[in-house]
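Same chain, two partners: subunit A is paired with subunit B first, then with subunit C.
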Partner chain A sequence: MKPVAFDYTRPRSISAALELLDSNPNAKILAGGQTLGPMLNLRLVQPELLIDITRIPELAAVTEGDDGIGIGACVTHAAIEDGRIGEPANGYLNRVASGIAYRAVRTRGTIGGSLSHADPAADWLAALLALNGELEIVGANGTRRAALDAFVTGAMETDLGPSELVAAVRIPKRSRAIRHGYHKICRKTGEFADAIGAVAIDDKKGEFRMAAAGGSHAPIVFTDPRHLFRSADPMDADSFDIEMGGAALRDAGMNADDYDLRLRAITLQRAVHDAVQR
Partner chain B sequence: MNRITLTVNGKEITREVTPRTNLADFLREELFLTGTHVGCEHGVCGACTVVVDGEISRSCITYAVTCDGAEIRTIEDFDDDPLMEKLRHAFSAEHALQCGYCTPGMLVAARDLIRRGAAGDEKVIRVGMSGNLCRCTGYMGIVKAIATVAGDYELVEDQAAVDRPLGPAPGPFAHDSLKEGKPEAARPTDRAKHTPHEAAPTLAAHPAGNVQTGEMVQEGKFTKLTQMITVNHPRDAVWALMGDIEKVAGCMPGVSLDRPPENNHVEGRMLVKLGPINADLKGEADVTRDEDKWRGTIDGKGRDARSASLARGRVEYELSEEDAGESTLVTVSIAYSLAGPLAQFSRGGIVRDLVTRLAGAFAQNLEARLEGREVAGEAQALDAGSLVFSVLWERIRSLFARLAGRKQN
Partner chain C sequence: MKKQGVGARLIRKEDDRYMRGRGEFVGDIRRAGMADVAFVRSPLAHARIKSVTIPEDIRANVVIAADMKSVRPITAITSLPGFKPSSQPVLADEKVRHVGELIAFCIAPTRAEAEDLVARVEVNFEERPPVHDMLQAREKDTALVHDDWGDNIFLETLVEYDMAQAEREAVIKVTREFSTARQCMSPIEGRGVVAEWDHRLEQLTIHSSTQMPHIVRSGLSECLGIDHGHIRVIAPDVGGGFGYKGILLPEEVCLSWATMHFGHPMRWLEDRRENLTASANCREHHYVLTAYADKDGKLLGLDAEATVDSGAYSSYPFSACLEAAQVASILPGVYDFPHYSCHTFSAATNKPPILPYRGVARTGVCFAMELMIDAVARELELEPTDVRLKNLVRPEQMPFENITKKHFDSGDYPEALRRAVKEIDLKAIRKRQKKGESDERLLGIGFAMYSEQAAHGTSVYAGWGIPMVPGHEQANARLTPDGGLEVRIGAHSHGQGLETTLSQVANEILAIPHDKIKVVHGDTAYTPYSTGTWGSRCMVMSGGAVAEACDQLAARTRSIAAKMLQCKPQDVTLRDGRAFGPTGELTIEEVAYVWYRRPQDLPDDVDPSGLEVTAGYKPERDSGTFSYAAHATVVAVDTSTGEVDILDYVIVEDGGVLVNPMIVDGQIYGGAAQGVGTALYEEMLFDAEAQPLASTLSDYLLPGPTEVPSIRIHHMETPSPYTRFGVKGIGEGGAIAPPAAITNAINDALKHLGAELTMSPVTPRRIVEAIAAVQEGAAA
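After this line comes the complex of A and B, so read on.
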């Protein structure tokens, strides 16, 4: 199918983009278009105006700060996969990026677009929830920071205001000792994941975060999942209890059937395996 | 129309394009480069794969206007490319094509896989080529052909690849025809200005203690979710309240009625937002009440004019006495079905997630109303942190979502 007719504009600054967004209630932000493109072609989305933000220099840049790095919203998955922004989080982001969809999608799809869309079956959401990532969101009142777990309010639902846009993703600085693990289950390689497990384990600091996503349910984050292990040592991945994991997801509000809960718990266990091997 | 200037297969070209023209159609219909094939037209099949500024892209979900200043290479440009020549011979020798429809995309993607040094053993090649579908060969020949060529290929350092912009091509520093003129102004229209007649209640963040949610079940074409609410009022009082259609409608996030109900019939709309998708359902509902059985139903249907999708919804409630008549158990079920384009996408779970949240908000707002409290957020305008819906009666129609097989942005 062909999209409905829309107008197109390409602001050169964030402030110009925000102005356009604010004055056009039926406008959509276009970054890489790898989600929006199909939705437009299928006429699921019928905007009057597309605001292309890929030529705003700040959005396609990486900044290093004392507390971590900021990845511009328009940085592509392929740029991260290829190590063109270095190896944030000990190479974890590069690994996750290389498994997103297909190369021809990764070359245009962007990290900020993926997170703004908040599809629970997409990779960045789960991966960065485990890493306790933050977003830099710009709007008429300036820039605000939002923890990713507060930003996502449901499957494909976020607290992004109608006149706001995601400017950057902040990856907190962590010790080299932190281990990240990631595992997803897809029916077909590169397709939306049925289940995703992501973990971050920092033994020295005693931090342990787990994110379960995939499919159609809003993601769940466990900030201290040690009680889900039969062993006292969370590095003993096999001792992660799949039954207890599934029950904990249900108790945390995931209204999924037993199969879906189990599938997610299995990906969590495999993600721990992945982290331990690093 | 927007004027764009770009380089296609080494030639600089300037053309006027409509923003919705995708790059594949532009190449085929403006430039007659018909080697680029269009298969699924929503980023799933890979037949339209071309090279944009050195990296492969899907030209069916890349709009030509965004390629202003970019350098495009299509299958026609690889006649003299040594790596592509080897691939052509190998595809021929290994019977890697039959009808040939997927072949241009396969070749462009395979060349890129080898160029990046990303073609390893058979499994790695299969994963690397998973974005290109072939319905004839079973992939055996394709994988074998790529393995043969990759085995002999000597990786060359590609500084251009290292230096590429971090964002989608062509990036902030490319030639930009739009910059020279004034960007086309957006034209606000009436449909964009529509605001619901009544402010929609927001969704509460946490389930209230008095609401119990059951499992979602399938009943024929309907998906149904049942919830139970206990309220500390006698059944008569609750029954009277449930008879006030406007008040009950106000509990559904986003519903707005066109006018007061007449003869148990209401008309109105329900605006539902899911991600980038907005559905504006206009429709009507009929209310029935069975006083003897303490039961009521609200049957609605609505249509989203833009997508021509239809939704049906049915709310059923039943009141029973608890605590020797001191309190009342309200059992409410919400069932919905979708037809038309919105129903054809396979992410039904996303809709279920949304309906669960809508139904949860409805139950909590209903509980608040029955207990005599304000309905959460009723006085607020549609604001950022809320799920913004404006809805017609209970037809929860939903949204649907997704696109059969693409991936994140």
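After this line comes the complex of A and C, so read on.
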């Protein structure tokens, strides 16, 4: 399969990219191309114009402020894996990045592209939902911020407007005491995940977020999942009740069958194990 | 000089170009004026074609069935009684019978533009109810894939050897239903064709990624109605075959017709989506087996019903029935038991046709039989390896004719198993199982055995009567004026390393240095006729033919050298690239030089045929060599997620005399990797509309480097009594036993839970569901 004929352009600024996007209703943003490439070849998308945003300096920048760290949308998984942007969230992001697909994919694939696509079987969505990540979105009306869990409206569905693009991902600053855990189950190395569990626990502040994703089901976030533990201590990972976890995912709207629900509950438990061990 | 003949572990000659990226595959070929072809394929599994609408502005670049009226359909018959032949139109005209079937093709300067044209061709269908499942196909009142057949059965066969007696004598009777998934063979390179017409030679030349150039030539001649002399088929470098490229493709016929009709070269390169959704599949079997045994696990009889999903058409040349015919004849495996009955059905469905994939029916047969042996062992609470040892054909019985008249040539099957038991350390694993794992996973150990009939020839294939019956295999050997050797074979090498191993055979006889020997293959214009590369036959058949040709060439070389050395031919020996007489020596180059450049120095009675020989070969007995192996594996099963981790894998293999043990190891590793795919990953599912549910490699899972365990290979070496050098065919074996061994190990792990897996691939979901089913059964 080969794509339909399309034009290609590589603007050098966000404003130029937005202008192109606004004036070409049938344009697509190209970042790492790890999803868009195959979709083009399969003719699942047939754009007239590809706007390559990988040469816009702001989109590759990493900024650190009082409220957290901003990772440019075009930062690659490999850059995060290799620690080229430091070790945000105590090295959690580096670990997640190192498990994405294969190295060749990580070399080109970008964090912003992955989140814009919002595939629940890909890693960043669940990983950053657990961190209560935010997106910086630019459009004709300026810049807006959106919490990731509000941004994602379903599996591969977001509230990104047709003339908007994701400029950066913001990870809120947290105490050093916060623990992060991550576990995914996939049929083979590098494959899209059948189940992903991600957790962030800050016991002192009483914060506890869990995100479950995988397959084709929209991710679910639990902002206070303590009731899913049989023990009063959420650091007692074994006391996370898998049956209750699966039922809670179903009640929260994950429309998956028993096997998938159970598998995702298992990844939540294992993510807690992972967090506790760190 | 270091040994370069039979038995040497030489690096493959072909690796030099492959490792430097200098292989030349169909996709690398460029021709002036070459156009790309894209096909209009059926989106439906079963439908009548009401009309095809082509916009007027592109009509000249689109070909439909009505344009190719002179082209005959592909028909692959068998002589088996009751077989119903299918007629596979090269382009469908009245009816489509599987998703992906060709309806039209579009020609444009590039593939992308050709696909643009495809999008503009409209086909109107009248949908018919599809047959999506082989058991559904067998039911009465099911839709008919071929309207005039009356049912959906290509062929039904029945063999029976007094089952009633087994039933009377048996202490236990164990019945199981087994099935293996439909798979897509996935060589790295898909199919591809470049077709062109040579006006000077009046010759159609097609480059095709095929395992059997001579058979493709015959098939094209039949379909196009032109003489063999007008057709040249070249198989250049081919990126893996495995059986996928052992077929005459309708695409090959279309491009051949098109280049003759339009006058310029045409190219089609199969993409992965076509590979997965439209081209031939393999492996889909269903079994119901009942084993009868005494209290010690000695088998008394086996009653079998086997169904093979043959898809919509009988593929050329192997037919729709090779698979089921093989099932009936090889199901008893490596075991000796007195009673047997097997009822087979080759069912037609609205799916792509099937082809024999590495191991052919043996992978399914081994899965069914070896799981059955373990089921019998569990029933009797015996160690499965003990049950195997009670039933294996013993070395003192060799050569052994089994119940289906298969002639096992040589070997020590029990010894292979005993070695596997020792290498995997069954005792230690049983001890570790009792202790339990710290991570709470369940440990299981599994074994599987098979024997692999290879290089079977005329006596076997004549009975099947398919379009291709192998006879004598030929090879041509020619000394060049500078003392080099050219060897030409009609089979093809696409990973087997024949450019290296056949050179070793020639070196063994002529003592010409390995680097001065060139093996030429893959071109009907250069090579003697051959049915090609399939059935693990090349080392036995082409190797035998090369040896025969080199023997004759050696005699002629000695005779010329004798005159020059002033001795008798029988006193001349060939060694290290030289001819030695009692009082002197010559290089082979000097001998060749005299024949070609100084004939005045030749003996008066020199053989006028010169230093070029075409010789034919058949083993003393052509019923096939039987290599065999015992596979043993240890797995850890996570019962909560169903994940399986292969902790250890041992193969004890007897492939007779090995020409190049390193290449054999490579063959075994590669085959076993594919076996792991069959066992745990690969599955082409179809929905009730017979739509394929995977169209990319993220839906159709192949094992990667981290999924294939580190395999420990041990060799035994029992020569075949019937072949040159005692070699046996060995190329497919690695792919046969892993599904059975791994599933037996999983079932061993789950034994105390009462859960048992009987379907490949064994996916995590199937494991969890099997355990849940037992628990629900217990609760109810």
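Definition applied: the second predicted complex is superposed on the first by the 278 of 278 C-alpha atoms of A that agree within 3 Å, B and C clash if a C-alpha of one lies under 4 Å from a C-alpha of the other, contacts with A are read in each partner's own complex, and residues count from 1 in each chain.
Everything that follows uses one rule, which is that a residue touches a chain if its C-beta (ideal position, glycine included) is under 8 Å from a C-beta of that chain, and two chains touch if they have at least 3 such contacts.
Note that the structure is a prediction, hence the values are computed from the model and not measured.
K.L.:
Answer with first, second, both or neither: which of subunit B and subunit C does A:185 touch in the superposed model?
P.N.:
Second partner only.
K.L.:
Taking the superposition as given, does A:123 touch the first partner, subunit B, the second, subunit C, both, or neither?
P.N.:
A:123 sits against subunit B, while subunit C stays out of touch.
K.L.:
In this superposition, which partner touches a larger number of subunit A residues, subunit B or subunit C?
P.N.:
B
K.L.:
Counting only touches as set out at the top, which of subunit B and subunit C does A:26 meet: first, second, both, neither?
P.N.:
Touch partner of A:26: subunit B, not subunit C.
K.L.:
Counting only touches as set out at the top, which of subunit B and subunit C does A:7 meet: first, second, both, neither?
P.N.:
The first partner, subunit B, only.
K.L.:
Where does A:177 make contact in the superposed view: on subunit B (first), on subunit C (second), on both, or on neither?
P.N.:
neither
K.L.:
With the two complexes superposed on chain A, say which partner A:114 touches: subunit B (first), subunit C (second), both, or neither.
P.N.:
first
K.L.:
Given the touch rule stated above, what does A:266 touch, subunit B (first), subunit C (second), both, or neither?
P.N.:
A:266 sits against subunit C, while subunit B stays out of touch.
K.L.:
What residues on subunit A does subunit C touch that subunit B touches too?
P.N.:
The answer is residues 1-5, 38, 42-43, 188-192 of subunit A.
K.L.:
Using the touch definition up top, name the residues of subunit A that touch subunit C in the complex.
P.N.:
Per the touch definition, subunit A meets subunit C at residues 1-5, 38, 42-43, 185, 187-192, 194, 242, 259, 262-263, 266.
K.L.:
Provide the residue numbers of subunit C that touch subunit A in the complex, in ascending order.
P.N.:
Residues of subunit C touching subunit A: 110-112, 115-116, 119, 271, 273, 640-641, 643, 681, 695-696, 698, 701, 703-707, 763-765, 768-769.
K.L.:
Tell me, which parts of subunit A touch subunit B in their complex?
P.N.:
1-12, 20, 23-28, 30-46, 48-50, 52, 54-57, 59-62, 72, 74-76, 78-79, 82, 84-85, 100-105, 107-110, 113-114, 116-119, 122-124, 153-157, 159-162, 164, 188-192, 215-218, 253, 255, 257
K.L.:
Please output the residues of subunit B touching subunit A within their complex, sorted ascending.
P.N.:
Against subunit A, the touching part of subunit B is residues 2, 18-20, 22, 41-44, 46, 49, 52, 55-58, 60-63, 65-66, 109, 112-113, 116, 118, 126-128, 130-132, 161-162, 164-169, 171-174, 176, 178-179, 183-189, 191-193, 207, 213, 215-216, 274-278, 306-307, 341-342, 345, 347-350, 352-354, 356-357, 383-385, 387, 400-409.
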